[in-house]
């Protein structure tokens, strides 16, 4: 018996028409939000409030032998803030939980989930963008992404019950919150059911991507500061090419693709079951 | 290369004919056994001994602001005992490990597995009913269910070796035990290979389901005690409809569907590999 | 939409022609390397350096009531060393991390990953053989294998960054190392993309397999020492049959099958994604 | 060789003359601050800024069978806020970390220390009031108090290094902070070196103490709300007697006694050593 | 200022006159109860019910190279049961939690405390015998003893609150229990305040001690079974001498010495404090 | 009742006459060995083999805002190696376990103890120098020192049993080892029972101490490299004064003071008890 894998409902209201919503994206590293940057730029433009929460500081991923964890965390924060500016978001809308890069799986899960629950209850998002923890089966992700995906899924569940992490409610005045809609990124292509037309926002995504100099230019091996002008001339072209190549294009239209889910958090990861 | 996914062996002896077996079901919350209730009622009727082990107390899932964790644990226990009565099981056959709802993944795994190993060695089941941990790939489950599925799988393995959790053997007089057959519930439909004809037990399943007032009636938001008569009149109909809708029917016959596995515990989760 | 699952690149240079490479195999128990023994024997013959790292001592898996964990660890080590001798490897090339069998999932992950990172940085393998942690989705594996697969995947990532486990670099004089190629064993057949012609090494694999007396002969229940001659006469035949049956044969050619990956460790587990 | 145990330096400037300082008290439960209430009331009066940080919600300690953890946390918070009002502190100066009562020792230490470090770096106290972790030897304390004392000591050390919990610095804009002076409460009498004349603040301490109805009146077994007037008439007298009896009086002067330490955090717990 | 250290209250009713009480002793290894054996024999004789709970199996402490952990656990259990028989206790009154010797400090504390709470609530002791966790300061104990002392202290506190480990109450029908009296053994001599005249029970203690052949005879290095007759003739005399030498004698009267505490569990470890 | 606290046996053979022994010192940070440097220099001179094992890299303790953890670990290693050279020890005799400074208490205890056990079994010391974990009562130490003291004590116990960390024995060819003598440093003065006349080695200790530039000179705030000549001229004098002031002098003789223990590891921390 072979059955079609992709039988998802699309969002009733196209993403391109969303407005007035609060959006929260949870990622593992500064730049994990990049694959949704055009969509986020559009949503911001269309009157939605957008928050980016990154779990780790990204303080490990450099091949430049002179850069320390401390410096890299500073660099990656600045790059992230600069990138967000390109898509219309202010630094106030950026939250970083401060975990060490590459070690999120070793963190205490109960505490990490609690921190996400705190922001879900505080910001009360209508839509969550997160790494796809899986559809029917658990998606393969590298370590921090695997952790970020599952911690987000667990936090969504916990956030809705006032009897979990109730210290936040009793002591800090928050209230339980149910997130009704989800946009999962970073998953397998066949699991994606929603294509967002980002043609008008490609340039903003490219501009944002160009800020990640320490990751995607030769700054990865030889960091010369945040300014692309200080790097070899070919760097900019290579970086831009790399950024554009990651964008899916079909019939001349550019898309960011997601797995969309609407409904109880419990069912975010699977087709109907008995 | 596309290969058929579902190439499972059916039970040699149909489930409908099983008798004299000891059955253990491991679930995460009180009511996780419900999707197997008709099969269990039939098995009990046919002279099998049936035990239900629930890992958490279910003490979190209410939207009624007046209910505490303590009360909800009491309510959910009584509902479970009442439901089991409907399918012919006595309270003595119900075991609850007392973990907090929504926090099973944070529990110490070695201890949690040890507790399951203890009951496997004590009850010596011929068949284990458990959440499907996955076939070939790891099934997506929400947090407690994911934990319950994997803890059960790990406990099955550990239970068979006298050199693991040997304190139970040396100090408590238990012996190692191998479970030969498995019925996995809660997994993906394409992974299911066994359909149990429960037509004659649908009403028992419905009667059992009607006991979960705090979960599936308006008692979820406004709890008025265990008696459905104390709730708005439309509640009973809605609840019953919900319960019946979850039963799979084909050609007028009602089924509960499972992934059945017979063989070494090591291979419970996959097709033959090199 | 149904898409073909297996669209992998084969190794540019056939495995049969590899030479001068350093190979590291990471497994969970002594004998997990067996399903790659013919390939490893060939690689050793062809001038590659081969190391076997086993995470646990295999000290639990016996049904012989007289054998202790301590003795079983000794027996399984000797069997492993003897098996490796048959495929041309010396005891010096065997590393055992000493974890208890059946309890690898309970080990501290940060420490376990650190130990693997240590050996990756010290041996600097060109190719890693490991349990398949999954392709697109997380492969179902029994507990120790699941742990061994994921710990290896996480160690590969960590090993490449000088800012992780940097004590090894600063205090022990090691350097960061990127493994460029991977051969995953133990995964699902549809995920395998590489078949190694082992026809000329089948007998070496069989000879090696015959050393695992405590696992695959009646020694499993009644251990009589490492010498097959001390066991019932039918044991040898049964054992050999079992060993040969596990070898995949097509058109008279014997193969060991793997999922091969070349490229950044981050992408070892999935097809291209947006 | 017998040597005098108590050879401590007194504060150069008497506590009674302190002004313009920022004070932070760290306790385990709501009411752990009570034994310092008169001193804190005086300090507040004298122009110091006073913050109270309680690690747990105190949600377990009741013998009233009708009270839930959730309700008790609410009750204990309100009592604490009301008590603080009596000694001149506003609710804004009260911080509760939300840990479960009786389970602080089971919390992840790295995370718990991190939360304390956060508040130390944010509030930048000149003086820390904390449970005495010990002088020369580790003081015996019951579980939560033991944890609260040591977590505070560890947080003091960590707070001063910018390379620890640096996410707080890089992401949240905090800076490292060294606390120069300490007042340890709850320790052994012979270890105390500082007596604060609280004669003028005894009545404020008593008024504050009378707020802990759920702890120190018959409300402990039969809770009737926060108002003492709703309790049996003898309750008030008994409660007041109990509160007054805990105050040390010598020659007609009332004192709160502390172990005072000034100097590097590293030496907070011992006399000079080689 | 030097103050007397030992100012304890003696038991109002001398231990020698206790009757009708339920006694629970918590120890780390089989034989930790030995230093209280004469007192326990007397208590049993005087109509008290006595239970012995040992946390570990004692499966590590042998210098005999032929003994495995499994065998040693069996040997130590039998020795313990035999010793208890000598002081009048039946095997039914012996509980062993099955933890590995030498690894109690690595166990999950929340689970270990929970197991002790379970037995405290089930047996409802009037008096607890335990390793002294300390008086005013934390007593130095070697690892397992340190853990056993503190876990017992924490369990005593937790057992009295129905809102802790409430699964035991709701699911298993237990009720909260307060232990009113304590006899701490294994602490520092100056902290002891209670001497029990055991002159009439010395021989029972000796007879019990002679059962620990694997610990205190040459069986420690060369185990020859539980029967002292199978050991070198000088063993018995040496063993008996060793056992008698550990008994404190003053003016011809033999004593077992304890630190006695009566009162709230919270104050079990210290003199009155402010 | 006041009893003398210090009733210890001195070493039978004065430390000044020791020769042919293997010495292992376990410390928390690079420089924790300094308070024993003169004694170690003498022991090396007298024909003993001396090893220094440091648990953390010391990578946190700087007030220089330009120094990273990575750099500080490098600096502190070089300083330590240079200091050891001054007292006659080669780099080969220096072992650093690579733990992060300030986070040793958060490390997995079972793994940390295992690493110490490994070196105890490999080096087979006759004498262990370690932080004093306590005499009768647990000594107060700041966090890493507390951890280092107790981890060492636990490792000493574990090292002697072949059934603990037996992977080291079976897989790595080590054997169990009992350390017979101990010299505890860093404890309370009244607990010290042994004074080593170091008059002839004071200058070596001073020379060694002068290497810790990043700790004890203005390099702490403004690091200018390992060469004291590159620092303000007053630095050297201040540093030397500080180093000399920490040496205990009586009647013109300089001493390093220790708590010496000979006997079973189990009793290392207390006077005889019943």
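Brief remarks follow.
Chains: A, B, C, D, E and F, in written order; residue numbering restarts at 1 for each.
We take it that contacts are C-beta pairs under 8 Å (C-beta built on N, C-alpha and C of every residue); 3 or more make two chains touch, one makes a residue touch a chain.
As the structure is a prediction and not an experimental result, all values here were calculated from the model.
Listing every chain that touches chain A and chain B alike gives C, D.
Graph distance from chain B to chain D, where chains that touch are one step apart, equals 1. Relative to the C-alpha centre of chain A, the farthest chain centre belongs to E.
Seen from the C-alpha centroid of chain D, the farthest chain centroid is that of C. Computed from the mean C-alpha positions, the centre of chain D lies at a distance of 35 Å from the centre of chain E.
Computed from the mean C-alpha positions, the centre of chain C lies at a distance of 48 Å from the centre of chain E.
Taking each chain's centre as the mean of its C-alpha atoms, chain B lies 41 Å from chain E.
Residues of chain E in contact with at least two other chains: 2, 68-70, 110, 134, 137-138, 163. Taken as a contact graph, with one node per protein chain and an edge wherever two chains touch, the assembly fits none of the named shapes, being neither a line, a ring, a star nor a complete graph. Chain pairs that touch, as defined above: A-B, A-C, A-D, A-F, B-C, B-D, B-E, C-E, C-F, D-E, D-F, E-F. Those residues of chain D whose C-beta lies close enough to touch chain F in the complex are 1-3, 109-110, 133-138, 153-154, 157-158, 161-164, 265-266, 269-274.
By the touch criterion stated above, chain E contacts chain B in their complex at residues 57, 70, 73-74, 77, 96-99, 108, 110-111, 163, 165-168, 170-172. Per the touch definition, chain E reaches chain F in the complex via residues 2, 4-6, 35, 59-62, 65, 68-69, 72, 102-103, 105-106, 134, 137-143, 185-190, 246-248, 256-257. Within the complex, the chain C residues that touch chain E are 68-71.
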